[in-house]
Structure formats: structure tokens, C-alpha cells
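After this come two complexes, each holding subunit A, first together with subunit B and then together with subunit C.
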Partner chain A sequence: MAVRRFKPSTALEFVLLAIFIVAMLFPVVWMLETALKEQRDIFHVPAKVFHFHVTLQHFKDVFASGSSVASGFRNSIIVGALSTIIATGFGVPAAWAYSRFDIKAKQDQLFFILSTRFMPPIVVVIPIFLMYRDLNLVNSVVGLILLYSAFNLPFTIWMMKGFVDEVPGEYEDAAMLDGYSRFQAFWKVTMPLLIPGIAATAVFALIFSWNEFVFAIFLTSNSAARTAPPAIAALVGDAPIDWGLIAASAMVFVVPVLLFAFLVRKHLVAGVTLGAVRR
Partner chain B sequence: MAQVLVQSLHKAFPDGTVAVHELDLAIGDGELFVMLGPSGCGKTTTLRIVAGLEQQTSGRIMIGDEDVSARRPSERDIAMVFQFYALYPHMTCRDNMAFPLRAAGRPEAEVKRAVDEAARMLQLEPYLDRRPTRLSGGEQQRVALGRAMVRSPKAFLMDEPLTNLDAELRADMRVEVKHLQERLGTTMLYVTHDQVEAMALGHRIAILNQGRLEQLGTPMEVYDRPATMFAARFIGSPPMNLIEAEVSDGVLTANGGLAIKAPDGLARGAKLVAGVRPERLAISEAGDGVRGRIVSREALGDENIYVVDSPAGQLHVRTPPTVRFPEEHIVTVAHQGAAPPVYDPETEKAVGR
Partner chain C sequence: MTDTLQTPTSQAPESRKLVTPPAAARYRFLTDKWLGRGFIAPAMALILLLSIFPLVWALYLSFTNYSATADVGSKWVGFNNYKDILTSGSTWTHAQLTVMFGVGAVVLETVLGFALAFLISRRRRGRGALTTIFLVPMMLSPVVVGLFWRFMLDVQFGVIDSFLHSLGLGQPQWLTQKNLALVSLIMVDTWQWTPFIMLIALAGLTAVPKYLYEAAEIDRASEWFKFRRITLPLVWPLLLVAILFRAIEAFRLFDLVYILTGGGPGGTSETLSYDVYKKAFYGFETGKASAYGILMVIVVTIATQFYLRYLNKIKER
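Right after this comes the complex of A and B.
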């Protein structure tokens, strides 16, 4: 067996990566510790990094009935799931159409669709607020679902168009000659091949909806429609500030996205390496 | 089985390019009909219009006695084999072959019988339960043929089905396709850019160029008497020598004194282009003919191909392997045999007969 020789460059890489990892993970670890510490340990100076009393009380508080964070999570799940389903349901057929058919001014249309993503949300939040006020959609779950769907749709179309482009049109030609209609050919032949792409796209859309903060804080005013991000942020306004509850809420907030990304990680990689696969 | 008629077919794309110009073709019942031409000549577009995958700008497609011009692909009762096989990658070979029958809602017992029979004919039985990605190109194309066969369609459409195979396999599959077509007796419309394939397979060949029909004929007609200079350049490897010559006393004389037997009925003094196949030229050390220098020699084993630089132009000469001259050697090239086809350099069409 060959002995691996020590190289100075390897050691340097190791040190740099170690520093990087500590810098990246420190805030996460600190949040986790804060979530598990008792109130007096949180404010203890010097900070207790290792020797503190572990409690799950803050996590219990997160899910306590009547807690604004609990209802925030409930709203986040509803808004995230439905807006993702709507964006995917409309975006996938649209992407297929853009990929397969000769559409007038296709490039211009695609650019227009993409351009809706150029602006930061904060730019349009006031006009949308005014529109929503007139439509009675302020402080409503339906309002957020519609808005997030609209924001996710362009992204879904663009990402899915890439995946549809990868599936040769001949499959559908063959299926049409074999007795299927145009739409059946798409549904029975192309659709099964798009599942990995749809999974990757849906996770990205879900992450956007789950993390969205700016619209949520402007368009919701109480726990009836408020999603988790503004609900957690609102905890800072209380006095005294319950840092343990904030930290615990944030940790819970991260879990669904991590879990989802983990479940579809194979498809995510396929999605991120989009275009690398050639027939 | 049925005849396929293409009548005044015209296809213009929205950007103004015309892919097919008023094309008329009549493919007989049980005929293996080849459409041959370079890429962009309109052959694939024509095939896709026959299939119903593209909509014609004007013109008519008849399959059997029925006008199918406005029908959907699924209603035309035809099967197509694609260059990239287009086997459904998420299905086994068996399911791929069963697909058209299942789509038509046939009973499962009949599906199984038809698939098994096609598999036996194509020697695909060992591969039936594999996914297409696990098969070689040749096996995949056989599965695609099987998928086309099971439904016993009125006609087969073949879109460069052998182009993606390597040379050896292509020759094997060529034989297989020809054999299959003979056994099934199905009308087959076959598109290729490979003139060898066209010659080997076709009962008749249609040579297309820029959306127009250049020539229609049996392989030997097309080879012996190309109707246009385009067809002359396209068929044969190496291609026909196109030699500028002047008519005088039953002889076409090219620069440097190359004398070529002239067909009857040419006007004296006319400047024309003679189409001389490489095997109709002979090389010798001396004698009548045009003097030239050998610039290239390909010894192919069963024959030699010489390129001779002469006043009459660069001449390709095919000789038996026993005729040996080194490169750079000065030789005489002479024409032998019957009068070649002759072309008008203006219209590029054949003149005389």
C-alpha cells in the first residue's frame, strides 16, 4: 500500500477549511445552545459554552397553544405547500409549451418572464399592499399564496424549461405516432422523465415561500395570516426579549427545509448540474 | 399496406425558409422508397409531414385511398423509426414494443403474442426485460423496429435509422432492414443522407436538393444517368468526374486532348460537361488521352483510387488493384466504354440521351 505523503499544501487547505467551517457553523451552534439553555444561563457572563443545564422548555413554548410562533408555522406550511403546488402545476405545462412549440416572440416572452425576478420584492411591496387592501387580501393566507405562486411561477418555468429541453422531442413524436394525442404524449412519456426536475424545482420554490420575509411582514398584521419568519421577528419586540424562544423557533424553522432538501438531494444535484447531461 | 402519395407538397416555415417546394411523389404498395439528399434538402421535413408531425403549408398526403392531410399522427396508421431510436427510457424493451398496442387498447394476450413474434423475428428475446439504456445502439434500433412492426401499420417511415450506428453494424442492419421489409411486404419510406445506404436498400431513390426533386429512379438509373449535375456529384464515391468538353464529330474533347465518346444528337461546337464515372477512366503509361500527374493514390485492396491532376481537371480514376503507379508519376488518362451522360453547364441538367 502506498503511504500517503504529507504535503504542506494539504495542511494549509486543512487549516483554511477548518477556519471556514468554524466561522460558518458557530452561529448555528450558538443558536442551538441558546435554544437549549435556561434563561439565566443565556445571559451569563462569561458565556457558558459547555457546562450549562439543558432544557427543552423553549421548544415546548414554541408549540404552546396560542403561541404566535405556532400559528406562524401552521400558516407557513399552508402557504408554502399551496404556493409551491400552484406554481408547479402551472409552471411545468408552461415550460413544456415554451420548449416544444413555436410561439410568437418566444425569446421576448421568456425574457419578460425572467425580468419579474430582477426586482427585489421591497420595490413593489407598497403597490402590492395598496392593491391587496382594495381586494381585501391583506392579512389573508390566500393573498400570500397567490403572491408567492406568482413569484415562483417564472422561476419554475425557467428551470423546468431546461429540464424539458433535455428530454428529446422524438419521444413525444414516437408516442403520437403510436396512438397518443399531443397532451397524452406529454403526460405519459415526457412527464415521468421530468420527475427529478420537478422535485428539484419544487424544493427551490418551497424554500423561497418558506423563507420569504418582506412581503409577509408588510401584508400580514396578526397571527391569522402571519407566517413564521415575521412571527419570529415579532418576538424581538417583547420586553424582556425571550432569546431562548427565538432561538428555539429559528431551529424549528430550519428543520423542514433541511429535511426536504435531504430527501431530494439526488434530484437537487441533477437540477443544479442542469445541462451537463447530453444524449 | 398501402401506397403513399405526396401531392404538390409545399412547406414554408414562419421565418420564410421554404423546406419543400411543390413536391410530388408516388410510393407504391410494398415499395422500399428512399429519399436521399444532403442535410437541409427537405427530406426529413417531408417525412415528418407524411407522419403528421409537421403541418404542410399546402398540398396533400394520401395513404391508401384516404386523404390524411388533416389527420393527427395517431390517426394515420403509420409507424416511424427515429435516428435516436426514441425508445422510452423508463420502460423495458417489452413495454416499449407493447406501447403502440396498449395505447390502442388491445387485449393483453394479443399484445403479448405480437411482441413475442416481433422479438423472435428480430432476435430480441434475451433483451426484452432490459431497459433500452442497457442495450447497444444496434439492439436499441432493433427494438425500435420491433415497436414499429407490432402494429402492422400501413407504412413504415424511417428517419435516418442507421446513421448513429458504427460502420460495421450499419452494414448488418442495412441487410436486416431490407430483409424485414421484404418479409413483411410493408410500404417503407426511408430517409437517409448516405448514398451507399440508398443504393443498397431502395427499390427507387428520390434525390432531393433544396426542397426540390432532382431525380427519381431505380438505384442503377440514378447511378448510370444522373439527371442533374447535383445528382452526379451526390451519388458515387468517389463522385462522378464532371469534365468540361466541346462537341466535335461524335466526340467530346476536353482540355489536354481527353477524348470522350459523345452521345447522339449534340450540337457541334457546344460546350458541355461530361459526367464520367471513375471506373470509366483508365490509366496507362502512354497512349491516347490526357497527360497528368498522380497527386494521390488510395490502395483499398480490391481497387485503387487515383487522383490525377490534368489539364482536363482533377480526375478520379478507379482501377483494378493490379494497376499500380506511384504518386507524382506522369501518366495518361483515357475514357473507355459507352457515351457518358452530358450536362448543360447553364441549367446543370442532362442533355441528349
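Right after this comes the complex of A and C.
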């Protein structure tokens, strides 16, 4: 209808957006550059933004045998995968039950579940550390898996409840008229419809486990159980600090997260608010 | 009805009896009530075991002088730990620092995040791509963010100071100068979490029905009027939820301090969580640290309750 004209305000908007883009992406680009630079270029003053020699040595170091970061990645994969499976296995049925049945004080229960995620981690970690010390779970992969499962459950339940709410309960009623039990109706009718939602939820749980740092640093002490975040953070303790190795490790650490986040971008609003906000 | 539909039914009942018993009968013990309980119980058990039980234990420890390293047993000290913490001047300094950080970071994130969402919502094309770009910082682990920025803010070879120097703006000691360390924390937190506010604000902005603007245009409303009377009131409740999330996270901030400044210089960037950590893992005053933590939980619970009440009032309007 209207002829699009060039307005000064539009130009201003473009400039502002461009500034935002540079500010948001520069640190990431800089880290990638650092990971690819030779040692002397990394510490070059003034900083070299464009002209530097590209080397893949730092990335090779990350995966060198016996490197603490490599074993960190291995542990992170084990802990992330298993805790996600447990959280999903426990969380999906619970979410279904909360969605379908009249449960006493349902809203209070759900709110209580979510509120456990808002406790300061440093407060929880003290008694957990003491508890794990008695149970011999300090510096063990099993301990971390259990903790991360519990840590991801509130999110899984809230997120999945939203997905279950979207599947009409009448489908199950119809199945039960055909002779299915309630459980069979859940398993054979609703469950297949929930698969995409479960996949999205699991991806978020995986990202949360993968990124978790505070519990990991206090509950692991060596490469037997240490996940990637504390392993990468520990590199700062070396003198002199090998920033090339840190940057390369961080890059390897970040790429899967960004890929996974891209896959679930449709559900990001619900995902990052732990399932509390849905469009 | 036609014959073709009716003919098979004459034989069906017999064969049905032979194939399967009615499915419901096989799981009769699974009434809705027990199915519900059975499905919720495992999840609840895990949450109670690893979130609530530790909290109760911390509550118990907070009344003792227990130390995680001492061999001697602990003694019941009543409310002494609480009294010590609430009367110690350093607690209030840390609380003040935490509030300053929280207010600074959340205000900046809200203003910038909303502005960014507004700019994106006005673009017709490339919204998806823009949003994806801006979401990168938010998905990064605090470790990665902390290390990124620690490297970039370094005084000797950090890229930020290198740029500032070539512009003739001096080389501030971001992480090692008093007052500036807290500013750096605010800056980095803002960098990482502005996209969070943006994402939620954008969800709110795109949900505002177009006909409202069209109606306003018929009345020749100004851009400012449309923004003030249509956009803002409809996005505000959602924005408040986003602010709540960020405020709680800011209140319990630990990881960024741990990596970026280590609480320094001279404790000028020690948030409450960091102080608890120092008491628990350096001072080995486990009992006192627990009391400290419990107080934090109480404060955040009460504050959240008030906030949610306010939020519900707004939503009802």
C-alpha cells in the first residue's frame, strides 16, 4: 500500500543494530581468532585483528592423549547423556500425570518443584558435599549424574507439562473407550505425539548439564570425574597461562551447544525460562 | 446402513474373545489415582533427596558450630551463627555489593534487551537470523564467558585495552582496580544476558495484535502514544517475569566472580554467594556458612513471593 521511502530513523535503526551485532559477536570471534593464532600473535600488542598466521596446533593440543580437557570432554558426555536420560525418564511421566489428573494442591506442588531450581547453588553444594563424602560419591561420575538429573527435573517437568497440555485429553478418552487402559492410552496414544517435545526438552537438559559449573567444580577433584567446565577453568592455574589452548578448548566446548541450541530455537523462550513462560 | 457394513459383524464377537482379553482388565490395579502417584513419585523422590534434604541438612548445620575439616564433633549453638552474620558489618558490605551488581546488571539488561527486541520487531526480513545471532552469548557456559572476558580485559595484552589505548582513552585495569571490578562484572553479565531479556520481550512484542495499532492509526495516534499505551502495557507483564529470572540469578551470582575477579581486589567484588563460599571452603566454618546460605534462601523466597503477588495483580488488570 505505502511506498517504502528511506527514512533517517530507519538508518539509525540499522546503525544501532549493527553496533549490537558487533558487541555481541566480537568476543566470540576474538576467542576463535585466539584459538587459531600462533603463540606470539596471541600476546601481540597492539592486538592483531586481521593479519596473523593460522595454526591448528591449539586444537591438536586439546585432544592430545592425557590432556585434562580431553578427559573432561569424555566425562561431560557421559554425565550429560545419562543425566538427561534419567531426567527425561522420570520427568515425562510426572509431567503427564500433573497435566491429566486432579492432584491435590497441584499448583503448589509445581511451584515448589520449580522453586528448587532457584536456590543459590553455593548453598546447596555444602550439604551435598558432606552427603556425598559419606556416600563416597565425591569425585565420582555417578554422583554428578544423580545431581544433574535432580537439577534438570524441575525444568523437564515444567517444559513437558506444556507439551502434554497441548495434546487433547480426549484422545486418551477415545482410546479408553476402545478398551485401552489409562496406561496404555498414555503409552500408545499420547506418547508418540510427545516425541518432538521430548526431544526439545532433552536437548535443553543436555545443554544445562553440559554447561553446569558450580557443582562440578566442588564435587570433582581430578580427571576421574571432572567434567569439561572445571577442566577448562583449571587451565588458568598454569603459569604462564596458555590462552591459545584455553580458547581452543572453549571453542570445542561451545560448538555442540550452539548447534543444539539452533535445533531447538523454536522452543527457546520456554527453554530458557525453565518452561515457566510459553507463548 | 448397507449390507456390506453389517455382514462381518455376525462373526466378529467370537474371534474377539479369542484374541485378547479387554486390555483394561489386565491393568485394573492401575487406577488413575495410583498411576498418577506412581508417575510422580520417582521424580519427587529424586528432587527431595538432592534438593530438599540437603537444604534441611544445611538448616540443621546452621545451628551448630560444625566444621567440615575438624575431627571434633559439633556443638549446638542455637541462633549464634545467625546473630554473628546479621551483626557483622562485612555481611552488609557484601549484601550492598550484590544489590549494586544486581540493580546495575538487571537495569542495563532490561533497557538494552528491550531496545534490541524493539529494533528487531520493526524489521520485516531477517528476524529469525538476527535473533539467532543475538542468542549466542546466552547459550554459553559461565566458564567460557568468564574466561573469554578475563582474557579480553587483561591489562597487558587484552584486546579491549589495546583498542582503548589506540583511541587514546587510557588503559583501565578492569579486573584489578577497586570499583572497576564490579563494573566489569556488571558489563560481562549484561553482555551475556541481554539476549535473554530480548528473547522474551520479542515474544511479547510479536504477540501484540496488529489491529490495536491499526485502530490507533485511524485515530492518528503518535508513535510515542502507540508505544506508551499499546506496546508497553502488553509486553510489561512478560518483561517482569524475565526481570524476575535475572534478578534471582544476579542475587546468587557466583561463577562469574569465581572466574573473573576471584572477589578481588580487596574484596570489592565479593558477592554474597562468594562470601558463603569463602566461609565454607577457606574458613571451614561450615555451620556459619550454612546459616548464611539459609538466610539467602529466606530472603530470595520472601522477595519472590512479594514480586509474584505484584505480578498477579498486574495480570488481573
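The definition used in the following text is that the second predicted complex is superposed on the first by the 258 of 279 C-alpha atoms of A that agree within 3 Å, B and C clash if a C-alpha of one lies under 4 Å from a C-alpha of the other, contacts with A are read in each partner's own complex, and residues count from 1 in each chain.
One rule holds in what follows: a residue touches a chain if its C-beta (ideal position, glycine included) is under 8 Å from a C-beta of that chain, and two chains touch if they have at least 3 such contacts.
Everything quoted here is computed from the prediction, not taken from an experiment.
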After lining up the shared chain so the two structures overlap, which partner does A:V189 touch, if you call subunit B first and subunit C second: first, second, both or neither? first
Who does A:L259 touch here: subunit B (first), subunit C (second), both, or neither? neither
By the touch definition at the top of the document, which applies to A:P168: first (subunit B), second (subunit C), both, or neither? first
Quick check for you: in the superposed arrangement, does A:A105 touch first (subunit B), second (subunit C), both or neither? neither
For A:G179, decide between first (touching subunit B), second (touching subunit C), both and neither. both
Just to be sure I read the superposition right, which of the two partners does A:M24 touch: subunit B = first, subunit C = second, or both, or neither? second
Subunit B or subunit C, by number of subunit A residues touched: C
Touching both subunit B and subunit C, residues of subunit A: 176, 179-181, 279
Within their complex, state which residues of subunit A touch subunit B. 102, 168, 170-171, 173-181, 189, 192-193, 279
Footprint of subunit C on subunit A - complex, ascending: 13, 16-17, 20-21, 23-25, 27-28, 30-31, 34, 42-47, 49, 86, 90-91, 93-94, 96-98, 100-101, 103, 113, 115-116, 118-124, 126-131, 146-147, 149-151, 153-154, 157, 176, 179-184, 207, 210-214, 217-218, 229-230, 232-233, 236, 243, 246-247, 250, 253-254, 257-258, 261-262, 265, 268-269, 272-273, 276-277, 279
How about subunit C: which of its residues touch subunit A in the complex? 22-24, 26-28, 30-33, 35-37, 39-40, 42-44, 46-47, 49-55, 57-58, 61, 68, 115-116, 119-120, 122-123, 128, 130-144, 146-152, 156-157, 159, 162-163, 165-166, 191, 194-196, 199-200, 203, 207, 238, 241-242, 245, 248, 251-252, 254-255, 258-259, 272-274, 276-277, 280-281, 286, 289-290, 293-294, 296-297, 300-301, 304
Listed in rising order, the residues of subunit B that touch subunit A in the complex are 14, 48, 51-53, 72-74, 76, 78-80, 82-84, 86, 88-90, 99-100, 103-104, 147, 151
